[in-house]
Structures are given as structure tokens and as C-alpha cells.
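Every chain is named by a letter (A, B, C and D) in the order it is written, and numbering of its residues begins at 1.
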């Protein structure tokens, strides 16, 4: 079953046990279009549906996590004590200047984004951004890794210490981030990352983000490129690449060397 | 030896046999920056250097090929009879409306582009465009090929006949081209292209084209993407992809499946 | 009304006039997902629905055009005489070697691609490829245009003759195509293209092509980049660009010059 | 004068005042290729050249900044007390697990990356990554901004609170970073960013990063896309876009609407 079908099945099981006025929370990563449909269906039965996207990963308990909530005002307001309790609170994160005048709950670590689906919509784009940021670091470190490449003139080859670079950037640099903290951890464990194959999944939100960009006519080059790298990472060769080889053979008589480049 | 070094070595061998007023033609795919340097060096000896880019592939003898020429006016003018003889001539290619008023030699299949290096500069960008066009077809047919994908709902899967599609597009479609003719040939020989591995070389001009775009601050998304696909095609996995796997493991506890997706 | 709604309205008007066994042809550029839905609805009434994508532009009458057909075998077979009559036929286009052994109608200029929606699916990807090819040429000529840029060292600036380049490439080059013929026409009329603003529409098929790529997990970097250029071309500045300016101001104190660069 | 020329001129002025054994530090953002040349030239005079890239922006004094150092071991070792003093030190940044076993100075906020040029090489790629990360956020917020677009069906439009989203993501989310902190500041000041035009400079390092990727044959889709967005942001329309309009007019008779889309 695809994930959406699993959620729909769970809801079908729960509905008979719910009464008008009850609130059903979907705290996973549902597609916001599915949320909108479900909210309508449940509303007909007087049941409120609230979609909550969460970010924080497996570190949430230690480090806190934030919640992005979509759904009808009344239902979300009723749940506020729960969200307030679950949310990380302000902690010792420095305040954004002027934010105190804005009010609201964002500084507590949760927000009501808007009507049904908007919580998962915000979470979805969050994940799209995550893909883009990850890919930005990944490409940069790939350039470092290949700075020893034999394709380069000898005097511009560098044999760089990747864990040191990740670590030093944690100290005040413009690219400091939590993803960089994690990168430093992984590289400190093993500077070659040889235990990772590089077969990279995508979990739906990245694709939906691009779909939203297409529908809004927003150019999203970086988020899309990051997603396509993942698609490509799961294949030995694409059919597209065979097409290129075939065309090259036809116009230029090129016979491609077959051996994949060692890394 | 890198290609540029080969050309420089050949020139060094030839120079002692040349006299002032002689013309040396580089009919390969030299980097235009090298042309400019060579032209200056030879000019000091009174020798003219003319750079000529040619396009037509292994089909040139049958189908004609065109020449893009760079170098000093006087030298290029002196060689005009040679270029006129080598060039394909007008043949039966329909004339571009109004081109008769422009004059020049373009309709004969050769042009003097400008000073030293400009012939190879124009040829270089030609190849950059070639990469982009090839990639456009390649992605389109990859989408066709994967229209049978199990990732799709069953009622929108299509099992398409790729040779037929390539062939029918040769009949008046907007995407008709010589590269499409070659694609139709390859797919007619073997609709699965199983004899091609998809390890795709790039021959220098593609990279130089992007370098020129960088220097001119021209956004060249498509030409660059086409080049990067070739870089990627020559690797089993990039270090970038291992970085992505590592980060995913760190924040989400994701353990990536290792088996490459069958195509 | 969005285009799909127009088609649905037309079908609703036609249906009362049709009887079981009649065939309804949609010869526009419908979304294949809509085709599938319509075909099912009409099938319930015994009416056959056939989707036909056509490519050839406003030149179709002179130059021929090809047809990509989707629908049930029986209905498409029944219409064969019509398609054969409308199709351009083999004309004097050189045959693809070996295609004679394949049989079928592709050489006549039309094909039956598969079940409902497949005609428009093939046409859709055709347009996606078209966007990619157009963008490849466009970037190449942009690099030529800016080869006079003051950002370049003086000795590598070239003042190139764009109509001549387009014309000479029509003579046997690897990038020769019908789109290049049209490019040569436009540049011959006016080498600066000053009558065009560069506000570029997209007509749906490009977006749907990317959506299909997303659903199939096919990396389609070039087709997507080509589409995003069009999205961008219709805006003065994106909100994304304002975000970049804002971040630059915040971390570096950069105040961006406001004047758009003259071209 | 281009920046490199300014540095070379300053060095020429300084050299007569230096003696063998002296160390000259370039603490700017020089191109590493220039560093290598300069180091060689100065080495001939017995002068050591050390290249130091710094990251931290205008906030460095408050928040700390890190240093990436290239140059001969001996010279860098001699300067160590200076770097140690300038560096931010460990502060209260949580330690990367296991880093204590690695030793070195990275945790103090400075590293010796390798021979001449390597300091600026590492800083250069840092900036390339920075462009990519900035663009990832920028595209995500652009999708939020346009979630009210009239291009969308009414029931999936959202009117989102951008400052709240940026703020809540600072609370434990996977995309938390210093750039996000700055984004939250800017959006809190003015949620529409109307004071920013979106004309975005690039300062050299981004282009050099892509050049390094080209030389190493590393696919760098995201870093390149981020750079091209900046190129594009500084133009009203590219010549490429005019080419697209011209081709569309020629094959389809399309006359493009001229009015730029209001945002």
C-alpha cells in the first residue's frame, strides 16, 4: 500500500469510534491535497481533521522539534495546550530582533499555518529546502574530495582534510547549520564515508514541492536539481545516458569506454 | 599528453619548415584561448595562424559539413578558394527568406567568424548546444521508457514503441533534426539500446562553453545540466551521494537500500 | 475557463448528438489524465474517444505534420483512412536504414501510440523536448551575444555575426534542425531580435512533462531548466531574488545596486 | 582595476619593504590560482605567502568567525599564535562526538588546509555552498509566497505567514541554520521584503567554484543553478529569452504578451 492509502485505511478504522466534535490529528507527512480531501469528508460527519508536520528527526527528544499545524481555527485552538506542552519552548535560542512585537506561538516552536493541509504544505516545502541544502553541502565536499583528481594539473591538487573543514565551519561561518553539525559527525566517524553507498531515497515531500512550484509557475532550479540527483543515484545508468551514447556513436563513431570511473 | 600539448608539439615541429607569410591551419577542436596565444606567437615570426572548427561528424563526406573560421582577414581571404572548394555549397537546402540580401559565404557552408580563436569559439558553443539538444531528446525518451514504471498507477502506464515515435517525429514535427534522424537509426537497430552502456564522455568543448558562460555572466542552465549528466554517467556513485546518505542516516536514522534500481 | 474545462464543455454539448459506436476525436493538446477520464466516461455510453496530438506548427500545410494517436484499437483502426489521408506521407525524407522491416505507419507520418491518453502523452513529451532544444540554442546564442561583454578581457571579446552562424549551421552541422531553420529566419530578419521582449509563455505540456518525470522518478534536468527559464522570464524579479538580497544584506551588509544591467 | 590586480599592486608596494623570511598574509578572497602564482614569485625572494579565507560576515566580532589557511608548513606554524588569538575558540558550541580524538585546531576555529592557495580554495567552495543554501531557502519561500497565486485552484491556496514560518523552523527543525536566523530577521522586519529589489551580485567565489567543478568533472547542479539565478537577476531579459520568443513566433505564430507578471 502507498502511504496515502495506509493513512486512509487508518482513518476508516478510527471514524466509527469518533463522535461529532472530535478532532483527528494526522501527525505524519501526508500530501496536503489528501488532507484537504480528508478534512472535507470528516467535516461532513462533524469530525475535525488537523494536519501537523513535525521537524526534528530522531533528535527531537533531545534537541526539540517544531510543529506546523493546519486545520480549522476552532479545532486548533482547542488543541493549543497539547501543542504548547509538546513544543520545545524558547529554550536558549537567541531571539530574533523585533519578533517580540509580532506575538504568536512561533517562538514556542509551533504555529497554526492556516486551513486544512497548510501544516503539511509548510512541512513539505521544509523538506524540499532540506534536500537543496543537503545537496549544496554534498556538492561542495565532492569538489573537495576530487581536488586530488588526476584530471587537474599537479600544482593545483589539494589533499584536504574533510572532517576538519566541516568542524571549522561550525565556528561562526556563514554556512553553519544543524545539517553541518551532522555532516561533521559523519565525517569525523569516517572521513571517506565508505560505509555509505550513495543510494539515496526521496520520501515524497521533495516531489510534491516541485509539483507545487510547477502549479504556481515558480522557478525552483535548486530544489529540483537536488531531487533529480536522488532519482539518478538509484540507477546504474539511465536510459537517457544510453541514448547519449547511441547518438554519439551514430554521429561521431564514438565507442564509449565502459568502465565506470573509480572514485 | 593533453590535446593542447599535442597541438603545441605539432606546431613546434612545423614552424622550422615555415616561412614568413605562410599560413598554418588548426582544423581540430582547440581551445580558443590557446588559439589566441598561438596566433600571437606565430605572428611574431610572420606566420599566420587560422583556426577552423568543422561540424558534420563521420557523415561529412556524404552529407556535407560546415566550417567556422577564425584568423586575420588577409590570411582567411587568401585561403578562400580552399574553403569554397571544401564547403558543401548550397545544395538543395531551402534558402532562409531574405538571406540573399545579406551576402557572404554562410550559404556555401563556411564563414569567417572574426579574429583568431573565433572559429573555434563558435565551434565550441556549437558543441555545447549539441550536448543540450542530445540531453533534451534523451530525457524525453527516458520518460517514454519509464512510462511502464511500477511507480505509476496502473491505468496511466504506457508501453510505447520508441522507434516508431522517433520515426514519426521526423515527419514534419517541431523537433525534427539530424540528431533525431540518428536517434531513429539507433532505436530502429535496437529499441532497447542494450548494446550501449551509457558511460558518456565529454570532449572539452562542453566545459569550455560553460566557462565562457561563467565569464560573461550568462545563465546557461540547460547546457550545464547536459554536461553534468555526462560527468555523473561515468561514476558508480558520487561522493556527494554518499554525503546525502550520511546526512540522512544522521538526522533520520535512514539506512539506505543498497540495490541499484533495475531498469 | 481553463482549457480542460473548455474541452469538457464541448464534449458535453456533443454527447447528446452522438450514438453508441460513434468516435469522438480530441485533436488538441489535452492532458492525458483528462483523456483517460473522458474515455472512461464516454465508453460507458458506447462512444469511443480518440486523442490525437499533432506537431507541425503553423507550417503544417506546407511542410507536413505528424500525428500521435491514442485510443482503443478498433476505433483507431476504423479511422485509419482519415489519418492516412491527413498525414504527410513519406515525401522525400530519406528513409531510416532498416525501418522498412519494422512496418507500421510511422513513415507515413502518423502512429497509434497505445490506449487512451497515449497520443497526447507522446505529444506532451514532444513539447517538453521542444522546450529543451529551444533553450539549448537560446543559451548558445546568448553566449555569442555576450562575447562582446565588458566583463571579458579585451583580447577574448568577439563581435559575432549571429545570422551567419545560424545559417552556416544549417549546412551539414550536427545541430541542424527545423528549429534552427526558424532561428536563422528570425535572425536574418533582425540580428538583434529587438522586436521581441523575451516574455515567454508555456502552454501546459512542459509542466505535465515534468510532472510525468516526477511520477516516474526520471531525472529531467534539461527539460525542467528550460521550463523554469520561461517561468522566470515572465517576472520582473522573483521573491526568491529578494530573499537573496535580504540575506546578503543581513550577513554581509551588502546593499545591492538596483539598476538592471543593460543588454 | 579588477580585484586580483588590486592585490597584485598592493603586493608590489609591500615587497620592497619585506626581507627574506618575512610572511605576507592575504586575508581577502583571492582566487587560489593567483595565490599559487604569488607564492611562487615571493618564494623566489625568500618571502612566505599565506592565504587566509575568513567566514563570519559583519557579525564576526560578536559571533566569531573561522579561518581557512593555506601556505607552507613552517610559515603557518610560525603564525599559529596569531591565528589562535584571532580565532573564536570553542565557546559553547557542542562538541562533535569523537572529534577530541582527532586533535588539531578545527575546534578552535581555524585550520591549516594545505599548501598555497588551499585556504582560499576552501573558502571559495564555502561561498559556493552558501549560494546553494541561500537559493534553497529562497525557492522554498517563493513557493510559500506564491501559494496565493490565482494560477491555483481556490481550495489549495494558502496565505502564509512567512516570518512565523522562518521563526518556527529555528526551533529544532532540520533546516535550522545561521542563514535561517538572518532570514527570520529580515522577514520579521518586513514580511514582504519590499525594500529589496532582488538584483543579486556574485562576488567571484561562486564562479570559481563551478570552474573547479568543471576541471574536476564533478557534477555541481545545485551550486551552478544558484549562481545562474544571480546572473539572471541582474537583467531585464536575456537574449536567450528573446530567442525563445522569436522561435515561438516563427513556428507557432505566438505573439508574446509583453507585460511582466505582477508579483
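Here, a residue touches a chain if its C-beta (ideal position, glycine included) is under 8 Å from a C-beta of that chain, and two chains touch if they have at least 3 such contacts.
Predicted model, so just to flag it, every value in this text is computed and none were measured.
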Chain of greatest Cα-centre distance to chain C: D
Mean-CA-position distance for chain C and chain B (Å): 22
Averaged-CA centre spacing for the pair chain C and chain A, given as whole angstrom: 31
Chain A and chain B, separation of their C-alpha mean positions in angstrom: 36
Sites on chain D at which at least two other chains make contact: 57, 59, 135, 137, 139, 142, 146, 174, 178-179, 185, 215, 217-221, 225, 228-229, 232, 234, 238, 240, 251
Overall pattern in which the protein chains touch one another (line/ring/star/complete/other): complete
Residues on chain B engaged by chain C in the complex (per definition of touch): 32-33, 36, 55-57, 59-60, 63-68, 87-88, 91, 93-94, 96-99, 102, 104, 106-111, 113-115, 117-118, 121-122, 125-133, 135-137, 139-140, 142-144, 146-147, 149, 151-152, 155-156, 158-161, 163-165, 167-181, 184-185, 188-189, 209, 212-213, 215-223, 225-226, 228-229
Sites on chain D touched by chain C in the complex: 57-59, 134-135, 137-139, 141-142, 145-146, 178-179, 182-183, 185-187, 193, 196-201, 221, 225, 229-230, 232-254, 256-261, 263
Chain A to chain C touching residues, read off their complex: 174, 202, 207, 210-211, 214-215, 217-221, 224-225, 227-229, 231-232, 234, 238, 240, 251
